[in-house]
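In what follows, structures are represented as structure tokens.
Next, two complexes with subunit A in common: one pairs it with subunit B, the other with subunit C.
And then the complex of A and B:
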């Protein structure tokens, strides 16, 4: 099995974000100083890929990532300890205001040029939505560019069968899953949380991974995104800040009554 | 070029249109009106007759349909083919659709095939000045902004809950049928599966969201955990109120480690950064710290209250309207008592105190 995981980098969600206007459109204040992580749902995809690869001998896992090289390097230092993968890096801007259409074109181009990738055996993975743009569209467009017509989004589980086919469970409305069968790769899976806990750090794996990751970073292709025909305005933090009433020393019975009245009151 | 606004929707299993789809129709109508251009309707699904009639009075100039057994169930190849055929037949420049799981799975691919562009999770469309700008959120509801695009067709995928649902008289309509050859596909749709064997606790239409945090599983003041009682209290509350159950990541992660507190809880209940962003008029959280990656999932909860032992928890910092600094076990025991008393006093009327968002 050949698994390509598309995953960008995003600011650590514990950080406070503030939009600023830049010459290239909206951006984040102190963007380059904010600690970054691999996009969380792409991280789930990577963990699932590593798990699948372990089950199928001869499998390979690539991570294709577009981001500023220095940031990518920072994220790879810790990510390399989580799962074995080969990095394909593109050095360019990655944030909530870059255009998914252009990003998809660049990712598809990078995937096509991966040496040794057998597209007939390809499972194209990624997060179903990013924590930056949150559009959930990039992977679909990469899939279309690669001619993959078996696509799944919001995936929580893939179950392989001996004949190479698999069952996929995708999140749909109302807390349910849609179950589908697919006869085999090539296929595209945009992952939701999945079922793998984040692996523990494995420093040995980290060192082994970094031997190929560092050269991959060094030869990261510089790319630029023009975002033609796309413009933004009124980019701001939501105004809503609540005046929290902090209720201390109220007996539980009284609190219960207050909540009871509140929920009964339309 | 004069715009044409296409309202694109799929039918549900029973042949109807979902509430989210009817909300998107309202957006399509106002968008077409704002641009002073015509609205066309495109429907796909197993059988679209009832759905077409239900929107027959919406003022559209033409109705198109792709129907048949091949289009009854969600599947990328067939759904994308149907949506593409409709968009091509209508020459639409603006396509308005609801952000259902079925359309979200395919519309970016369709936009690509048409050399168009797409924005999803759209929270408003402004066409008041004769051009279009869409509002959407960035960084998981942390930043909001408006976007304009010059490329066409432009697919606008509208989030549920941002417009009122279209209501109109049933009008018999004979849509223009488009024949679509289903591309060969290697995927077969099997059907729906509940995330949990227990009762469904995710209720998108509920007026109240109840969020349980990991505190329910922590050692309490007697030095012991009380997970069984926690489960009873939470389920009792859900049963009496009809509330939807949300959870924090910490609590679902614990459940994933096999230490399930609530058998009805899975990571599908998780609210926040890597969970959902549900829409309910009110939300009550208990034993949840109110950290930012969780609270970004509360963006569309209008009134918010929290119960936490810690007066300095995240909710205290402008994230809730009211924070009760108290033991949630004690509060929920009392609250469930009040709910039971109310049920008894209404002489066996076992209706939840309310069940649907108004």
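And then the complex of A and C:
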């Protein structure tokens, strides 16, 4: 199995995210100074990829990531300890306001040029959306560019079969799941949360990964995103309301009731 | 369109709290991804399982509970346990480990220092074996302590370090040992069997330790002096873990008062022994081993307290900003709503003080850790050369090393020469004696200053949170941290022990020669970057040097020597003063490093962070100068007797009639003279004629200069305070996760 995971980086969600106008269009206040993490959806994809690779001998996992090199490097310090993978780094801007078409084209190009990748055995993984602007379109476009027709989105589970085919469970409306059979790769899976908890850090694995990750970062291809013809008229955060009350030892049923009342009265 | 809250975004204003990239540059591990990964791994444990335990109330009991015990496995699986080990015993970090352990201590103590203690006490137990053990002892115990590799079914061993004994024995005075070792059986041609009797007090990790490295004295004429022995759970006899210490701090570590009465083979003597004239002579006495061990492990303790100070900044800012939100009268958008307590200058200034102190402590602590990383390989080389030269014993070693002192002192004033095959060995020794003299100061200085002044600063931190500050619910666990800091000031040798160390190491000529070079370096930095307050530090260093020299060569009013190890009122306080300087200096050096590296690191605009850090340096330098000036002035003047009005020789004043007679030669003198005793015996209403500085006029000038150097320091504080009022902080605390 050859699994390529597409994953970008996003600011740590605990940070204050405040849209500001910059010379290069909209951006987030102090974005480059904020700690970054791997996009959580892509993170789920990576953990699933590692799990799957462990089941099939001879598998390889690549992580393709487009972002500012220095930030990518910081993220790798923790990510490299979570799962074994090889990094393909593209050095360029990563924020919620890049053009998904351009990003997809660059990612597809990077995937095509991965040495040793057998596209006939390719499972293309990624998040079904991202935690930056949540456009939810990038991965599909990468798949289209690579000519992958079997695409699944909102995936929570993949189960391999002995004959090389697999079963995919996707989220559909109404809290339901759709189960499909796929005869085999190549296929694209845009992951929802999956079923795997985030693995614990393992510095030993990290050290091993770093032997290939550092050189990959060093030779990260610089890319620029022109965003021609793209303009934003209005940028704002989704309205959120936080009402905090600290209560101790409240039974779950009562909590549920209170939330129900609150929703009902809203 | 996107709203730019501050359209006049000032580029050099602190924009966010310093992130990993900044810390990596300041503390010099930007090029060490092994350490960067270690930090991430430790942080996940600290802010996850450790923080959850604390929040869940695990600190309410001093018993060693299963929940606390589960942390040990977290330490194993995250690489914390193995970080101490060398590669051949299952470790994964290459080279010396001091900086690595320092970072572990810092990250864990950011949340809870008891967890840091629990993880590091194992290293403390292994350290005697690591530093002075025989090759077999090292190989055996280090690999027993390595966590199991994947697929392996084995529980790693854990150790405790047992020096402190029930009163009236070993505490600060490590020589007063009650624990005894004697020979139980010694058959001809066989390994002797030892009987060890040892009681411990306040021994960390005792709740679960599989082995103990214990300090004991000879209780048998056939054993020479003291030693450390390794005791194992399962050795014949009594291995009683003892009653749990009812401690109020570091409750995530296990502490008790064990009792051992065990039979062990003599091969358990740490470092081995030789048999001379029918006596067992341990190769190392317990003091030698303890010196070598504590010299390194105390650095990590120092960093535990500094982590607390720095970790307090974010919760305090959040508290201050949110203080009035939710009140009916305070409308969203109003100044009070937005800024809360940060409207008030004092609230901001006190956070600046706290932050500056935390930065200085961290700078000093990490510098000490790096100093040992530099020293460790040199020490190995030195040991090798020493063996080759056939030099044996501490005295002979000291004499042998003194032989390179002149070359070492000279090397400070010439650019590093290229080592050639011929001078390579000498070069190693020169570098060793220089590094050793610095490390010997930095370690006790960091342990003393970071924990002692840090504990005081934590009290201030708490008071900034009002009543919340002294509750269990205080965000950032500040209440616990305040109390924990007091333990950090106490265990592994309380403040008096560090001071005792310092008064010896700080007067080492090689250290003082380097201190002189540092002084010049501070002036150079000041010329480039006046805003760091480097000039203040240089002036204060000069004042301290003067005071030291003066006190070393002076006596008090009764003719008793001033600088003397028994005169702790003089020596200890000079040591205290030195620490302020070392911390401030290192903080400035770290800021210069940050500036340089940040400039090279295009893409991340850290100019604002650099300027802010420079302002903190300036604030801290002024504070340090105040402390140094005060202490030195008290010592330089304070041991002279104040002139009195009824001195038979009327020293320091004039007699009224005398002045009148002089008036004829020096018209107007009467108007200038203040301290005059009139014919009727009356004199100005004060303690006596004013004291004159006399031979200390040079000191007076230096002190004056130092006071003037404070110019601008409070402007820096105002700037830093303004930055605190606007800096972006995360929406919510990131622990417990």
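What we mean here is this: the second predicted complex is superposed on the first by the 236 of 266 C-alpha atoms of A that agree within 3 Å, B and C clash if a C-alpha of one lies under 4 Å from a C-alpha of the other, contacts with A are read in each partner's own complex, and residues count from 1 in each chain.
Here is the rule we use: contacts are C-beta pairs under 8 Å (C-beta built on N, C-alpha and C of every residue); 3 or more make two chains touch, one makes a residue touch a chain.
Quantities reported herein were computed from a predicted structural model and do not represent experimental measurements.
A.B. asks: After lining up the shared chain so the two structures overlap, which partner does A:29 touch, if you call subunit B first and subunit C second: first, second, both or neither?
C.D. replies: After superposing on A, A:29 lies in contact with subunit C but is clear of subunit B.
A.B. asks: Examine A:96 and indicate which partner it touches, taking first as subunit B and second as subunit C; both and neither are also allowed.
C.D. replies: first
A.B. asks: In the superposed arrangement, which partner chain does A:201 touch: subunit B (first), subunit C (second), both, or neither?
C.D. replies: Touch status of A:201: second partner only.
A.B. asks: Please work out whether A:62 is in contact with subunit B alone, subunit C alone, both, or neither, and reply first, second, both or neither.
C.D. replies: In the superposition, A:62 contacts neither subunit B nor subunit C.
A.B. asks: Quick one: name whichever of subunit B and subunit C touches more residues of subunit A.
C.D. replies: Per-residue touch count on subunit A favours B.
A.B. asks: Using the superposition on chain A described above, determine whether A:191 touches subunit B (first), subunit C (second), both, or neither.
C.D. replies: After superposing on A, A:191 lies clear of both subunit B and subunit C.
A.B. asks: Looking at A:77, would you say it contacts subunit B, subunit C, both, or neither? Reply first, second, both or neither.
C.D. replies: The answer is second: A:77 touches subunit C but not subunit B.
A.B. asks: Go through the superposed model and pick first if A:234 touches only subunit B, second if only subunit C, both, or neither.
C.D. replies: both
A.B. asks: Please indicate which partner A:85 is in contact with in the superposed arrangement: first for subunit B, second for subunit C, both, or neither.
C.D. replies: A:85 sits against neither subunit B nor subunit C.
A.B. asks: Determine, under the contact definition given at the top, whether A:178 touches first (subunit B), second (subunit C), both, or neither.
C.D. replies: first
A.B. asks: Identify the residues of subunit A that lie in both the subunit B contact region and the subunit C contact region.
C.D. replies: Overlap of subunit B and subunit C footprints on subunit A: residues 14, 16, 19, 26, 232-236, 246.
A.B. asks: Considering only the defined contacts, which subunit A positions touch subunit C in the complex?
C.D. replies: Going through subunit A, the ones touching subunit C are 12, 14-16, 18-21, 26-27, 29-30, 32-35, 68-70, 74, 76-78, 80-81, 200-204, 206-207, 210, 214, 232-236, 246.
A.B. asks: Which of the residues in subunit C end up touching subunit A in this complex?
C.D. replies: Of all residues in subunit C, those touching subunit A are 1-5, 15-16, 19-21, 33-34, 36-41, 44, 77-79, 82-83, 92, 473, 601, 603-606, 609, 728-732, 734.
A.B. asks: Can you tell me which positions in subunit A touch subunit B when the two form their complex?
C.D. replies: Answer in residue numbers: 10-11, 13-14, 16-17, 19, 26, 40-41, 44, 96-97, 100-101, 104, 131-138, 140-141, 143-145, 149-154, 156, 167, 169-184, 187, 193, 195, 197, 229-238, 241-250, 252-253, 255-260, 262-264, 266.
A.B. asks: In the complex formed with subunit A, which residues of subunit B make contact?
C.D. replies: Residues 18, 74-77, 80, 100-102, 104-109, 111-113, 117-121, 133, 137-151, 183, 185-196, 200-204, 207-208, 241, 253, 256-257, 266-270, 273-275, 282, 284, 291-293, 296, 299, 303-305, 307, 311, 315-327, 330-335, 337-339, 342, 353-354, 358 of subunit B touch subunit A in their complex.
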